[in-house]
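Residue numbering begins at 1 within each chain, and the chains themselves are lettered A, B, C and D in the order written.
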Amino acid sequence: MSKLRPDLEAALEGLEDGATIAVGGFGLSGNPEALIEAVRRKGPKNLTLVSNNAGALGRGLATWLEDDLVAKILCTYVGTNQDLHARMAAGTIDVTIVPQGTFVERMRAAGAGLAGFYTPTGVGTVVAEGKDTREFDGRTYVLEEALPVDFALVRCRVADPFGNLRFYRTSRNFQPAMAMAAKVAIAEAETVVPLGGLDPDDVHLSGAFVQRVVHVPEHEDVIEFRTVREPAAGERGEGKRGA
Amino acid sequence: MSKLRPDLEAALEGLEDGATIAVGGFGLSGNPEALIEAVRRKGPKNLTLVSNNAGALGRGLATWLEDDLVAKILCTYVGTNQDLHARMAAGTIDVTIVPQGTFVERMRAAGAGLAGFYTPTGVGTVVAEGKDTREFDGRTYVLEEALPVDFALVRCRVADPFGNLRFYRTSRNFQPAMAMAAKVAIAEAETVVPLGGLDPDDVHLSGAFVQRVVHVPEHEDVIEFRTVREPAAGERGEGKRGA
Amino acid sequence: MPWTRDEIAAKAACEVPEGAVVNLGIGVPTLVAGHLPPGKAVWLQSENGLLGMGPFPYAGEEDPQLINAGKQTVTVLPGGATFDSVTSFAMIRGGHVDLAILGAMQVAMNGDLANWSIPGGKTMGIGGAMDLAAGARRIVVLTDHVTKKGKPKLVAECSFPLTAARVVDRVITDLAVLDCAGEGFRVVELAPGVSLEEVGAATAAPLT
Amino acid sequence: MPWTRDEIAAKAACEVPEGAVVNLGIGVPTLVAGHLPPGKAVWLQSENGLLGMGPFPYAGEEDPQLINAGKQTVTVLPGGATFDSVTSFAMIRGGHVDLAILGAMQVAMNGDLANWSIPGGKTMGIGGAMDLAAGARRIVVLTDHVTKKGKPKLVAECSFPLTAARVVDRVITDLAVLDCAGEGFRVVELAPGVSLEEVGAATAAPLT
């Protein structure tokens, strides 16, 4: 019983108006680009989007904003996402910004069957307002609750027909936790190998957490900030960051 | 600055009477055998041992019981560990038995900076007695607290000088969570490779969670229940389980 | 005539949907693997960190670092994966195991399960039992209908320490297939030649 | 003469112990990497899931799936590892990052840090800032001593929304190196030609 779907439309079966959808990727890197575009074509309305950045530079998930598919967003960083800034300023979208570690741990908790956890992150800040806090060994922690989602769209380097996934470099990011948290996790795979094509120790996410796989060899993987060093210079420079 | 230690004694520096020590392995499989034996030789007293089984068949951690090194045990399954049964019956050791998922998640929480979590496991049983419970979405969960340890002794297949680890098959088990939970995680490695000898995507546990590495190529890896199939028979039989 | 252990296991094998992720407990549940139809894709989970567990290895091919939760040497099927215990129990508690087939000391009509400790007996431990009982999507219990001393194991209320509360969906015994129905056990099927009265007499709870 | 941005970064580079796991924040902290002595083993962490971050790639060798938390193309050093965000923040919150060097909008004398939001300004977001501030073992802040409009950034109490409470150990500004000392800032070092009085006048909290 393969989890492979013949095309993107089949992979998105049952994704309807009002769904809560988590989408993997950090900025525009490692996005499930084909699935994002296929959802846009399908055009469900009133979505709740769970994504670190919700797109950038008018691309990726920003196209969902453009088409007014999204009613609510849970994200950690708006940054240079001008589409989102504009909608926030206009008050046409409900945006909740949370700390990135809490964001991903809440999905991990949902996927792991835990109802919530006590984290030190956000204590004494607006993030903890209205939430339960508790002292453990003299330090205060805030209770954060699990964040289950209806669908997760993730991009991976390799998948097999059972849905075992392997990721590449920093494109792993939120994808495993999002898949775990989802009723239906859909993996867009650059390469699909037969069962046994991945060594058991090389699997990054077990197929138990993945419901559908669709093979999409092509991907664009937009570089948001192309930073390079001069061949001659010996200097190190990791450059500025901000998400 | 390498984390490689020249020998077992150097790897165990600072391990003293009264320490809380988590030891990886499932039954006698994937144990840090050389470190276990080196601790026995060193002979610290009044230890708190955190281990799934605390040894078996008089071997492994059972030798710590024999030498009366251990005052307290936190484990999930006693099973055929006759040394432990005898000491429990005699009342000479303080044993707490916890559910295996909670056991490992508590260490993971400690390593992840979380003070506790709400789990459904154990609700309505003796395990939840005296602990806080709370309802989320109509289901009751029990609060379990993080379990930090002083030392973790783990066995791995491959290590590099920074302490990046890779495990093999089912010998991974509790080892990553134990290392995360420890002030000092000591890895006994079958193979040591130079920096760069592990592809970044092949690392199972980052060196950020490991403080010391010691190279021990030899290991016995006792098979507790040798189960085989007849070459002729096509039957499946995963055999009995119990831990 | 009551079902044999193997017949119970064969009944249970019919409960396993194609493609399911399944954890098999100690005792009779173990035998279920041998009764799955060849070609039926089932993913056996072992809570020590293995999904896609295969049969025992051929003699000489045992790998001491590839074992199941019973510490027996096993194999891994193509498409199988290994992972740490944190991930394994995330899988179990998070509802990613479709079915757990477990043994029992007692099952109550409300679905309460007792299968880890007998008061006054030697404590073997909890292992993964409580997580499996609390976390798997569906719980099927395989057990003799009564103890060796003839005492009913299907009861109105468990007297032994619970493993989890209100979790058992179905019980398959040597006498019958029954569902936990809250106010009693609902008889789904009787073993050949076994009467409803016999089942009722062997059950310390109402049949509904 | 006040320290330049690069001199501040060089000062901060001296705060980095050999073998440390370090996360560098946006702005001046970024420059610290360039001031680490060659041969000093330092493990740079990027919270999107990379430890052992190397310099920018040579032109033509950029990998769009190997980026830092600022979405810039980077490289990975031998001994580096990639992991998911769950693990990355476990590392950060769990105290496995030895040092975070961060920028700030305001730092209070009790160690309170405000570096993510200005009331009335455009909200950029939180990203990993709160986890880093709450989780790293030591927090060093690099900042100009006053804002572009001349307002003190080292204050008795933050008026901007906090990132985390009582977390900053040390502040390195263009005028001085100071430790958060509870009832005030303790001056550790003055920039050449800068007097204690000048620092005091530029600081909205007592110097101790």
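We take it that contacts are C-beta pairs under 8 Å (C-beta built on N, C-alpha and C of every residue); 3 or more make two chains touch, one makes a residue touch a chain.
Since we're looking at a predicted model, the values are computed, not measured.
Asks: Walk from subunit C over to subunit D along touching chains and report the minimum step count.
Replies: Minimal hop count between subunit C and subunit D: 2.
Asks: Chains shared as neighbours by subunit B and subunit C?
Replies: A
Asks: Which chain lies the greatest distance away from subunit D when centres are computed from Cα atoms alone?
Replies: C
Asks: Provide the C-alpha centroid distance between subunit A and subunit C, rounded to the nearest whole angstrom.
Replies: Computed value for the inter-centroid distance: 36 Å.
Asks: Find the geometric centre of each of subunit A and subunit D from their Cα atoms only, then give the gap between the two centres in Å, rounded to an integer.
Replies: Taking the average C-alpha coordinate of subunit A and of subunit D, the gap between them is 27 Å.
Asks: Centre to centre, by mean C-alpha position, how many angstrom separate subunit A and subunit B?
Replies: Whole-Å distance between the two chain centres: 32.
Asks: Can you list the subunit D residues in contact with two or more other chains?
Replies: 50, 76, 82-83, 89, 92-93, 134-135
Asks: Which positions in subunit A touch two or more other chains at once?
Replies: Correct list: 105, 108, 112-114, 119-120, 167-169, 172, 200-201, 204.
Asks: Every pair of chains that touch: which are they?
Replies: A-B, A-C, A-D, B-C, B-D
Asks: Tell me, which parts of subunit A touch subunit B in their complex?
Replies: Residues of subunit A touching subunit B: 105, 109, 112-120, 134, 136-137, 139, 141, 145-146, 166-169, 172, 200-202, 204.
Asks: Which positions of subunit C touch subunit B when the two form their complex?
Replies: Where subunit C meets subunit B, its residues are 24-27, 30-31, 33-34, 36, 38, 44, 46-50, 53-59, 61-74, 76, 82-86, 88-89, 92-93, 112, 122-131, 134-135, 161-166.
Asks: Can you name the residues of subunit D that touch subunit B in the complex?
Replies: It comes out as residues 18-19, 21, 41, 43, 45, 50-52, 76-83, 87, 89-97, 134-135.
Asks: Quick one: which bits of subunit B touch subunit D in the complex? Just the residue numbers, please.
Replies: Counting only subunit B, the residues touching subunit D are 1, 108, 110-114, 160-162, 164, 180, 194-196, 198, 200-201, 203, 206-209.
Asks: Within their complex, state which residues of subunit A touch subunit D.
Replies: Touch residues, subunit A against subunit D: 26-30, 56, 75-79, 85, 88, 97-102, 104-105, 108, 119-127, 167-177, 204, 221-229, 231, 234-243.
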